[in-house]
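Two complexes, one shared chain (chain A), two partners (chain B, chain C).
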Partner chain A sequence: MSGSPNMSAGTEGSAAKGDPLLQIIGLTVEFPQFGAASRPALNNVDFSIARGEVVGLVGESGSGKTTLARSIMQLVPEPGYISGGRVLFEGRDLGTLGPSELRQLRGREISMIISNPRGELDPLQTVGNQIGNVLRAHTPLDGAGIRARALELLRQVSIPAPERRINAYPHELSGGMAQRVVMAIALACSPKLVVSDDATSGLDVTVQAQVLELMRDLVTGFGTSLLFVTRDIGITAHYCDRVAVIYAGEIVEEGPRDAFFENPRHPYSILLLSAFAQNERLRRYWLGDTTAGASRAREQGCPFANRCVRVQDRCRVENPERREFGRGHFAKCHYPVER
Partner chain B sequence: MHLLAYIGRRLLFVIPQLLGILFVSFMLVKLIPGDPAVMMLGPFATEDGLAKLRAELGLDRSILEQFGIYVMRVLEGDLGTSWQTTMPVTSDLAQRFPATLELVTLSLALALLIGIPLGVAGAKNNSGILRKIADYYGLMAGSLPDFWFALVLIFVFYTMLGVAPAPLGRLDFVIIPPDPVTGSLLIDSIIAGNWAALRNAAGHLVLPVLTLGIINAGPILKMTQSTTERMLQSDFSRYAEMCGLPRHVVVRNALRNALPSIVTIVSVLYGFLIGGAVLVEIVFSWGGAGQYAVQGVLNSDLNPVLGFVLYSAILSLVIYLIVDLLYFIIDPRTR
Partner chain C sequence: MSLLSVEDLVQTFPVAGSRALVRAVNGVSFTLARGETLALVGESGSGKTTIGRCLLGLITPSGGRIVFNGMEMGGKRSVRSPEIRGKLQLVFQEPSESLDPRMRLHEIIEEPLRALGLDRLERERLVKEAARRVGLPEWLLTSYPAEISMGLQQRVGIARAIVSKPEIIVLDEPTSALDPTARAEIIDLLIRLQRELGTAYLFISHDLSAVRQLSHRLAVLYLGMIVEQGESAALFSQPGHPYTVGLLSSVLLPNPKIKRLTQLKLAGEIPSPIDLPKACFLAGRCPLAEERCRAVMPPVETVAPGHIVRCYRTDEVMRMEQAVDYFGQFQAESDRILGAGVPRDMR
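And then the complex of A and B:
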């Protein structure tokens, strides 16, 4: 799992570009629960993305990764709401923007690549029309200009025979093709940040690899930042500059790719990594009792305490602070794993 | 090509469908107690006279034979005569069916004009004044009997204000009706250039159309609101919002996706109102098809009833064919 040393140098380079593009400070998102205190889906999350950086956000279902991705666009899934913290994009607090300002931001400066493109594209409109809708909303193009740009975008995402596909309806596309269409829409206005929300999870492995390559090439080609939300930690090893691991609404570890993969500190990170390991004993040790509930035992305490194989008494009563272990490498654990 | 094959297949089934509908209604009408011969000859008829008339009408034969004879006549284009009007049913219906169609079509057009905008407005806003209006409207329209509402309108606009014509049919007696071409007084008046008749017919249409339109906007509003609301919460609308599309574009796309449900409810209402408008027709002495059929049932006048059933069935089949074509146009997945 060791990577080339020049990658970390690249990360330092992008970090030196000054202010981060996106900065999330103490973000807390809650879902009201019937007859109970609301449960935070995101708990005091600090997170940032530099310009041109590709960051992987890894977590299992229900960990809050989609909520985080959508909170960036100020579109928390109903009935959730942002109860604390700020999302700064180029220094602007997105929480203070009005609906029309947000509308101008979405799709133009921050765009989203979704996971179920055939279900999320409008079934009654052609591909060209749906790309056109976005261009019409965010650019001064019209008529022939929109069509030309749509064709250009389809070509950029390597869709064969774009002149034919531009008139296709979503149900006529394969999963991989639909995914490319959604990428074309995401890139239509040359955004500064692209958020990919588990975008490749529904695809065959070979198609997935193609789409990922394409996504990274396009993003790096335009100097766009990419937040790559996924369940598959293996993908982040190949495609990301930096990796963050989210568990039960908290980022438990984050760091530059090489530092993270060479020396993961949080037991949960190791659990995720060991799921891919060949060594049966290693896997059995770190996975522990997988039948244990993912929910935390009580309000205080480490969110991972219930499932952690290294849990101590202290973990159950005190939520660990974020600690730095190396340049840009943070973890939240009382008893971090030493090498 | 696909479409033509589809229409061909549909038309293939029309004949057996119509036969089935006719058979069932024939049997049902025969089940109603009452002897047409007695009704026609009155209380002072002799047994001989009754027997003779029954033989003439074919009532002495078995019910299946009677049905066979009726079907053979229908195939020749003869729907029999109504003993009440002493006219052939075809010519009676040629006059009455368009009267009902004109009324129902205009009413549903009005219902769409009210129901869709209000429904969309209701779906767009989870709260606010428009949502309240939409909610109360749906409640009110669903709970008002149409004939009572018709009487209220007549009382206000004819009796009190005197701005509406008397509820006595489709035209004033002094107006010379245009030559019937389509049967719709509006269209025929335009064809004949008879502007006096056009104005008068339109005036007579106002109150019944208002009645049926306002009442039937209720279900259309409810359907529009609930489906559009569901579409606005669906994945593609959320994605459209993520793309920063303007609100009106998001709503427009949601409405387009809601259209099949709206088309369905309109087609159901249309088929229903052909017979269901009868109470309103009676209130306005409209002389429509529903009124004609009800008179037939009450007086054991079999031919008008069966003629009405046949016409309505054909109309329903045509409507459903049109609905399928509309689905075809709206939704590419059905192509």
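And then the complex of A and C:
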């Protein structure tokens, strides 16, 4: 990315930043289903985020990326449940916390921004009131202090005329403006981790660029860590220090941004990248078999085996282990691409 | 003679309970040749979908002319006239919402043929052919839309559009609801179909990398007006309008080293099409805006053969913006990165 020294430093510095802020170990989430056993929504996922780090989690619909984002907050939707593994936040196992302790944590230490900002805002409350709710719950501020802080936050997310907007209702705001308000709410208590779940996907491209830049600047300004959950691999190339690719509930590749984009190893990562290629032959090669029904994840072996152009017999029976290819660069593949 | 020509198209909509008008399309002109893809690019509220709907006769334009195959549309001659019926088709953005959930796939694909008075055997033959062309296996055709993935649903939408052998297909953001891999499949399919069938596409999109993959020419819309139009490759490497620059520099290609750098940052968001700015529509957001931009609408100027721009300061824009083909650079890099592990004869 242009003109952002902290970004280029991130690739090298992630290991030097000390203990991870968030550490996910062997996380498995299942959604019970009638009939035959199916693959869990998340399968034995190891993942971590360092302090001040911006990490991109890329996946398609149904890959488990939102389930992963939500299980960080211990908010896996019913009937899904965490059947294995742990989520450690600053060394604390979030799975052992009770409802009131979790409420204390959410919004103050970890906050989440989802897509569809209008759906997230209460249509019957003013912008100022909704920012105030978070501050009232988590800070000792009183009336005047809350208003002052809300104005400050609106200014930080670049909302023009904040004195006027603070009294506005969500329907009076454009999509980009509403997304900024949601960001102001998420950042109100200076959380340590912000999880953005496809937060910019509904915005127009020029507005998306503004919001992404703002998000990254605010986060680096506050020293907050940021997890960008997205299906747009382009966002991760320009706004993240590290990239993880999730497929069928497993992180199939993960690495420092530059290493990942220069040297992607897993055929699925390459498939995602090839979607943007002008070269039709290469695109078609990596797309593989696109006929109907070819894309189901397998119940055993590598989850990507049915779609993979490099598949061999071994892939259909044995799920590959996570292997390290370079510093911090991991992939789960029996036959990774060599360059 | 071009297959389609649109001249000074205007479309307004009344606002309920008021005398105000939504000025969705404000004097748009373009042509489309046989077998060609013209992309209409713009953000929400730019009028691109409205233009597509005018072409298809789904709404009657408030002003301007649409000439298809030498015949002026409008009045008695519309999409329903026998000489036009079936020649213009549409592929929608949301495949799940544009397919009737209670019809089987083969019935959905067949529907446009029912208006053409073909007998049952002929219709069956055409449905099978369309399904084969878009890669839908025959055994799948008795399924319902809810039983198949979004990518396959969009293939059904495309089969329905090609079944009547149209000359023009309006593609209204056909990939924006799809996941990346389904998106790549649909783009591939559209390119292949155009090669096989010679259909012209009006490709409405805000996904600029898809536009670059698919389109020959490009028209950039802002508040219902074309601010720049030209050959895709030329426009992508040397844009002449600040808004085009803004769009291109917002594109996030999946390569951290490649991004269009610019000093031309647009502020704010697209204004309401009810209170249009008096002069240049972009003046309120443009860092180069000066007195005259706010006073008088800039005229359309030809900067190169086939390349038009509506901006007083095009010369400065072109000077400030290096003529760099970022997409070309990206493609060269991706050929290298994606080429690894690919057998030599497949590259």
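Methods note: the second predicted complex is superposed on the first by the 313 of 339 C-alpha atoms of A that agree within 3 Å, B and C clash if a C-alpha of one lies under 4 Å from a C-alpha of the other, contacts with A are read in each partner's own complex, and residues count from 1 in each chain.
By definition in this document, a residue touches a chain if its C-beta (ideal position, glycine included) is under 8 Å from a C-beta of that chain, and two chains touch if they have at least 3 such contacts.
Treat the numbers as computed from the prediction; the structure is a model and nothing was measured.
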Quick one: on chain A, after the overlay, do chain B and chain C clash, or do they fit? Just give me the call. fit
If we overlay the two complexes on their shared chain A, which of chain B and chain C does A:F31 touch? Say first, second, both or neither. neither
Quick one: classify A:A137 as touching chain B (first), chain C (second), both or neither. first
When the two structures are overlaid on chain A, which partner does A:I114 contact: first (chain B), second (chain C), both, or neither? first
Pick one for A:H238: touches chain B only (first), chain C only (second), both, or neither. second
Taking the superposition on A as described, I'd like to know which of chain B and chain C A:F325 touches: first, second, both or neither. neither
By the touch definition at the top of the document, which applies to A:L287: first (chain B), second (chain C), both, or neither? second
Vertex chain A, arms to chain B and chain C (CA centres, degrees, nearest 10): 80
Partner with the higher number of touched chain A residues, chain C or chain B: C
What's the minimum Cα gap, in whole angstrom, linking chain B and chain C in the superposed view? 11
Go through chain A and flag every residue that touches chain B in one model and chain C in the other. none
In the complex, chain A touches chain B at residues 70, 73, 75, 78, 102-108, 111-112, 114, 116, 119-125, 133-134, 137-138, 169, 171-172, 185
Could you pull out which chain B residues touch chain A in their complex? 233, 235-236, 238-247, 249, 253, 256-257, 330-333
Write out the stretch or stretches of chain C touching chain A in their complex. 43-44, 135-137, 140, 148-150, 152, 179-181, 183-185, 188, 191, 206, 208-209, 212-213, 246-247, 249-256, 259, 261, 266, 268-270, 327, 330-331, 334-335, 337-342, 346-347
Residue numbers of chain A touching chain C in their complex, please. 1-2, 60-61, 160, 174, 176-177, 204-209, 231-238, 257-258, 261-264, 270-287, 290-292, 295, 310, 337-339
